[in-house]
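These are the structures in question, set out in turn.
Across the two complexes that follow, chain A remains constant while its partner is chain B and subsequently chain C.
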Partner chain A sequence: MPMFLLLSGIAALLLLAILAVVFSGSRFATRLVYGAGLLLSLELLVVGGLHLLCDAPPLALSLPLGLPWIGAHFRLDALSAFFVVIVNLGAAAACLYGLGYGQHAEEPSRVRPFVPAFIAGMNLVLLTADAFTFLLSWEFMSLVSWALVVVEHRDPRTVRAGYTYALMASLGTFALLLAFGLLAGPNGSYGFAAMRAAQVSPSVGALVLGLVVIGAGSKAGLVPLHVWLPEAHPAAPSHVSALMSGVMTKVAVYAVIRIVFDLLGTPHWWWGIVLLVLGGASALMGVLYALFESDQKRVLAYSSIENIGFIFVALGLALAFRADGFQAAAALALTAALFHAFNHAILKELQFFGAGAVQHATGTRDMERLGGLIHRMPVTAFCILIGCVGIAALPPLNAFASEWLIFQAILLSPSLPQWGLKLLVPAVGALLALAVTLAAACFVRFFGMSFLGRPRSEAASCAEETDGFSLAAMLLLAGLAVVGGLLPGVVIDALGPISTSLVGRHMPVQASLPWLSIVPIAASRSSYNGLLVFIFIAASSGIVASAIHVFASRRIRRAPIWDCGYADTNPALQYSASSFSEPIRRVFGPILFLARTEVEMPPVGSVAPAKFKVHLEDLIWQRLYVPVTGIVMTIADRLNVFQFLTIRRYLSLVFLALVSLLLVLALWS
Partner chain B sequence: MHGIAFDVAHLLAGCLVLVSFLMLYQDRLYSLLNTYALHATVLFLSVAWQAYIQNAPDLYVTAGIALVFKAIIIPVALHRMIVKLGIHREIETVVGTGPTMLAGMGLVGLSLVVMLHAAAGANLMAREDLAFALAVILLGLLIMVTRRNAVSQVVGFMSLENGLILAAAGAKGMPLVVEMSVAFSILIAFIVIGIFLFRIRERFDTVDLQALDRFRGERQ
Partner chain C sequence: MELIRDLVVQGAQMLLVVLLAPLVTGVVRKLKSRLLRRQGPSVLQPYRDLLRLIRKDVVLADNASWLFRSAPYLIFSTTWVAAALVPTFATGLMFSWSADLIAIVALLGSARFFLALAGMDVGTSFGGIGSSREMMIAALAEPVMIMIVFVLALLAGSTQLSTIAAYMVSPAVGLRVTLGMAFVSLLMVGIAETGRIPVDNPATHLELTMVHEAMVLEYSGRHLAVLELAGSLKLLLYLSLIACLFLPWGLTLPDASAWMYGIGLAAYIAKILTGCGALALFETAIAKMRVFRIPTFLGAALMLGLLGTLLLFVSRGF
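Let's turn to the complex of A and B:
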């Protein structure tokens, strides 16, 4: 029954996509599409959530679709159900937001049909249980999200982003195809059940791991496969950006967990290293990129890369612990990864919604042209503030709980027997700690430059608060972030069945603990209590605020600001986004970005302004992608000759190919 | 299986390879056509012998098609076409005859080695038959590749197709429908190529394929 409900919900979403095309001219199209999308994703959310919370046994279903001799297999287990919850929670919020935001899009009819199709595609990926249907749904998801990226196709940057995305998505699917081919083995058993039962040799397993990291990692935005993400995610309309950054990256995480933890069999200890190193690099590079960026949505996209890095580090730890037989530690790391995926989905959607509201109100995403919005858009500012506090991993919000769990898992690493891991894991932990602090700086900058200070442009000074639906979506997510931070034990307990099925154990049951505490391993080691922290923070800040109010507010005098002798203080003289990140750029820029600064002083006696320019280079793009592109272009140039041969030469080529194949055959035996 | 049946089949298939070699060094169009007619006749004999020893009456139809179409109608038609078009009767080869013959010998050796390995499971006669058929196919391709003239390429193509028929006849049990369709496709290919020859001739006053290439404005 749940399976039927889920699949019919997906079918209804696809139908809705068609209806959106049929009724594209109607005045009620936006209401219809997003309203129905909201209801359908709520239905999927409830079904998936009940399956997860009731700890129901896995359900399987085969349909005679797709390839005739394979059919389409679907399966709903705890892992799928959890990701169904993430996807549909995000989708429901995005649809609610879309009810308001979709009204004032430039060309809404280009967006509407693809949103339900995109949600349906992501859900399908989670439910499939054979390689063919999985890849088909995966490609469908990529294709539809590509269509959403290139909605504003008149902007050449969007077209470029779409092209990069299409390339990287094809690369990813190709890698996944090869990975499934290896997993299926010589008998070509493409069902997940058969793959689970089969044991692959260590070398094949390592190859599959590498291919999955390329295939799913490129979708998730793992460094160095992330290049498309900061281009493509911001190019889409904001509710779609939220879906792509908050939810689609989680579908990629699901693919990694499904293949590496579920299908691939016994791991080797060094497999964890791959995920640890890539995850650590993603976390650090992502947040550094985010710090030097002034486009709001790009900052958020880079921050997604950082958080995906965190999730991958936790997955790598889980893999290493599982390979060495530390089941409790593996359960902790895996639960932390899943919990963080859940939290990041909520927070990232919230922030993208806020950025969308700001973009609609001011017409710009450039932080250097915003400022002072807290007075014009107080509710949006409050929601984004919650999102920023959450994503910067400050207690008592949800992301703190999950990142704290990740660090707890890192602290267990000295018990690992391999010296490589013993040395690497603390190093990666240090990287993560650095990334967390930089993320805090990044979001202080994000919030401060956009919402505090004085407006830096005309548009920012006359912004209006956004509509009710958008606010409702943001308040809902902000509420969830707070609740998740106060009651982390509920989520952790819900994740128990997943880690039991994947690593053999689950974390200690948290519901029985007093005062809503959570303990990762045992209460004697460490514990965290979100409620107490919240009460402490609320009480202490309340006392301070009231003290200030009592002792200081009465003494407020309104007087002209001292203007340092300048009569007119231009808003451009405020602290700016790039000046905020200047100290950090001084530290990391010269090495990681080959940063150069140029100061051009006017000649003595001239009144022309001095000019200050900063050049940053994306080393990954320069050192990795540019050479690869060059090689491909060179080969293509060389092979171009074959377009212009005579008929006889083509025949000769065929002939030579045939003869050489026969020669191989003759020499082989 | 051994004995006279095998020997004759072996002999006829060997003859087909030999006639392919004969075609390889013809430098006049007329003599090429005559050799092709001989090729088709040998194919007819070979297929008819297979029909007799396998006791398969439908192979007689294949043999008949080979004789009527390939040994008589097509060569005669090509003869008339050459006369009508006034085609230059010398064949321009790309490589000299000597290297071509050497390459042909290499190909025959290759096909024997490959087939004797690949078809190790099949019975002796089918194996030999397949080896010779592959040799005929490769030689047909070689003819197509080393000639510039369109007519001789058509002939090379048809001798290649003779190799296919030989292989099919040796491996027992190719259904008649397939043979018929192969025969008709060859006929249609012949007609189409013939029409094209007339058209090319009308336009360029030659059937040398290089003229076509020049017309395409290729960079060479």
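Let's turn to the complex of A and C:
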């Protein structure tokens, strides 16, 4: 029954996409599409959530679709159900936001059909249980999201973003195709059940791991495969950016967990190293890129890369623990990864919604042209503040709880026997600690530049608060971020069945603990209680505020800005976003970005303005992508002669190809 | 009965840190003045300053938002909660399990987050410079704290501060090279986090060298009083943390008799006064460094912490 409900919900979403095309001229099209999308994703959310919470056994279903002799296999287990919850929670919020935001889109008919199709595609990926259907849904998801990226196709930057995305997505799917090919083995069984039962040799397993990291890692935005992400995610309309950054990256995480933890069989200890190194690099590089960026949505996209890094580090730890037989620790690390994926989905959607509201209100995403929006858009500002505190991993909000679990998992890793891991894990821990605190700096900058201070442009000074639907979506997600932080035990308990099925154990049951604390391994080792911390903070601020109001003067006098006696009247003289990150740029820039500054002072007596330029180089692009594209272009140029041959030469080429293929076949056997 | 005793100990500790905090600032100032052969203000001067400040009107910039007005209370309360979770004279605090050492570090991070935002609220260049530098210092100092937590947690097998303190007072500790590294880096990071010389100068009003003072420049009256108290509280918190981790002698263990609490309290006061003396001596002896030398200073602390953690990953024997 749940399976039927889920698949019919997905079918209804696809139907809705067609209806959106049919009714694209209607006045009610926006309401119809997003309203129906909201209801359908709520339905999927409830079904998936109930399956997860009731700890129901896996359900399977095969339909006579797709390839005629294979059919399409679907399966709903705890892992799929959890990601169904993430996807549809995000989709429901995005549809609610779209009800308002979609009204003021310039060309809504370019967006509307693709949103339900995108949601359906992501859901399909989670439910498929054979390689063919999986790849088909994966490619469908990529293609539809590509269509959403290039909505504003007249902007050359969008075209470039779409091109990069299409290339990287094809590369990713190609890698996944090869990975499944290896997993299928000589018998050619494409069902996940058969892959799970078969054992692959260690070398094939390593190859599959590498291909999955390329295939799913590029979709998730793992450094160095991230280059398309900060271009493509911001180019889409904001509710779609939210879906891509908050939810689609999680579908990629799902693919990694499904293949590496579920289908690939017994892991080898060094597989963890691959994920740990890439995750640590993503966490640090993502946040540094974000710190030097002034476009709001690009900052958020880079911050997604950072958080994906955290998730992959936790997955790498889980893999290493599982390979060495530390089941309890593996359960902790895996739960931390899944919990962080959930938290990040909520927070990133919230922030993209806020960026969309700001963009609609002011017409810009450039933080250097914003400021003072806390007065003009108070509710949006409050929601984004919660999002910023959350994503900076500060207690008592939700991301702190999950990152705390990751640190607890790192503290368990000295028991790992291998020297490589013993030396690597503390270094990755230091990278994560650095990334957490840099993220705090990044989001102080993000919030401070956009919402605090004085307006830096005309548009920012006359912004208006956004519409009710958008506010409702933001308030909902902000509320979830708070609840998730205060009651993390509920989520952790819901994740129990997943870690039981994947690593054989689950974390201690949290619901039975007094005071709703969370305890990763044992109470004597560590515990954290977000609810109590929140109550303490609330109570002590209450005490101080009331004491101050009883004993202190209650008068307030409004006056001009003090600023040490020299109040600069020009808002342009405020600290800017790039000056805010200057100290951090001086620390990390010269090594990681070859940062240099150029100061051009006019000669004495001249009235020309002085100039100050900062050059940052994206080393990953320069050293990795530029050579590769160069090689591809050179080869393409060389092969270009084949386009202009005579028919005789083509025929002889065909003949040669045939002969060599036959030769290979003859030598093979 | 036990519940009541635990509650009393926890409550006494919360009150104690708030009441003691201004005194610590006063003592440090007095000692520094005496070391410079000046008379110096009375050690009670910070209390008088606070009383004077809360009686004054608040002068608020025209464009200050609700965040600016509520931030002082948030900053104070998060610092206070963090300080209340650090054992001062007794371990086994009633609520110590609600937040471990990582959470205490993160709570201080929350306080700093709001302080940096408050510095940017009015939109002045001084506020921005202060916030920007504070976040740079924090971005390097907080990882050091995490590394120190790692060292302690790997040794004591727990991130709970009470458990770590109980372990440090037990004979199982011994003399360890990793603890030495953690101690030195904790001293360095403590100086940076509390804004003391050579990282920041709490007495300066010279624009280009301010960090903390630049962020609170626009505050006045009761808001400033709350922020000043929060600042003193943070200094006391770091002194207590160093005392309970590295000078744990005299710390009252759970289920001790009443007079043991007296001894614990006396030992605590003595430790804090020693800490104040050492801080004053250090601050008098050293010059403030340029802002862009700070990364090197904190980088050294980070390397020490990381080295300690690495050694412990390799073997628990270090």
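As a convention for this text, the second predicted complex is superposed on the first by the 631 of 669 C-alpha atoms of A that agree within 3 Å, B and C clash if a C-alpha of one lies under 4 Å from a C-alpha of the other, contacts with A are read in each partner's own complex, and residues count from 1 in each chain.
The working rule: a residue touches a chain if its C-beta (ideal position, glycine included) is under 8 Å from a C-beta of that chain, and two chains touch if they have at least 3 such contacts.
Quantities reported herein were computed from a predicted structural model and do not represent experimental measurements.
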First, second, both or neither for A:A393, with chain B first and chain C second: second
Partner chain in contact with A:R525 - chain B first, chain C second, else both or neither: second
Which of chain B and chain C A:L178 touches, first, second, both or neither: neither
Which superposed partner A:L663 touches (first chain B, second chain C, both, neither): first
Which superposed partner A:S517 touches (first chain B, second chain C, both, neither): second
Chain B versus chain C as contact partner of A:L651, first or second or both or neither: first
More chain A residues in contact [chain B versus chain C]: C
Shared chain A contacts, counted only where both chain B and chain C touch the same residue: none
Chain A contact footprint on chain B (complex, rising order): 94, 107, 110-111, 113-114, 117-118, 138, 141-142, 144-145, 148, 153, 209-210, 212-213, 218-220
Touch list for chain A against partner chain B, complex: 644-648, 651-652, 654-655, 658-659, 662-663, 665-666, 669
Residue ranges of chain A touching chain C (in the complex, touch as defined): 371-372, 374-375, 378, 385, 389, 392-395, 400, 404, 407-408, 410-411, 413-414, 422-423, 425-427, 429-430, 433-434, 436-438, 440-441, 443-445, 447-449, 452-454, 515, 517, 523-529, 532-533, 536-538, 540-541, 544-545, 548, 551-553, 555-564, 567-568, 571, 573-576, 579-584, 586-587
Residue numbers on chain C that touch chain A, as the complex places them: 54-63, 65-67, 73-74, 76-78, 80-81, 84, 95, 97-100, 102-103, 106-107, 109-110, 112-113, 116-117, 120-129, 131-133, 135-136, 138-143, 146-147, 150, 153-154, 157-160, 163, 205, 207, 217-218, 221-222, 225-226, 291-292, 295, 302, 305-306, 309-310, 312-314, 316
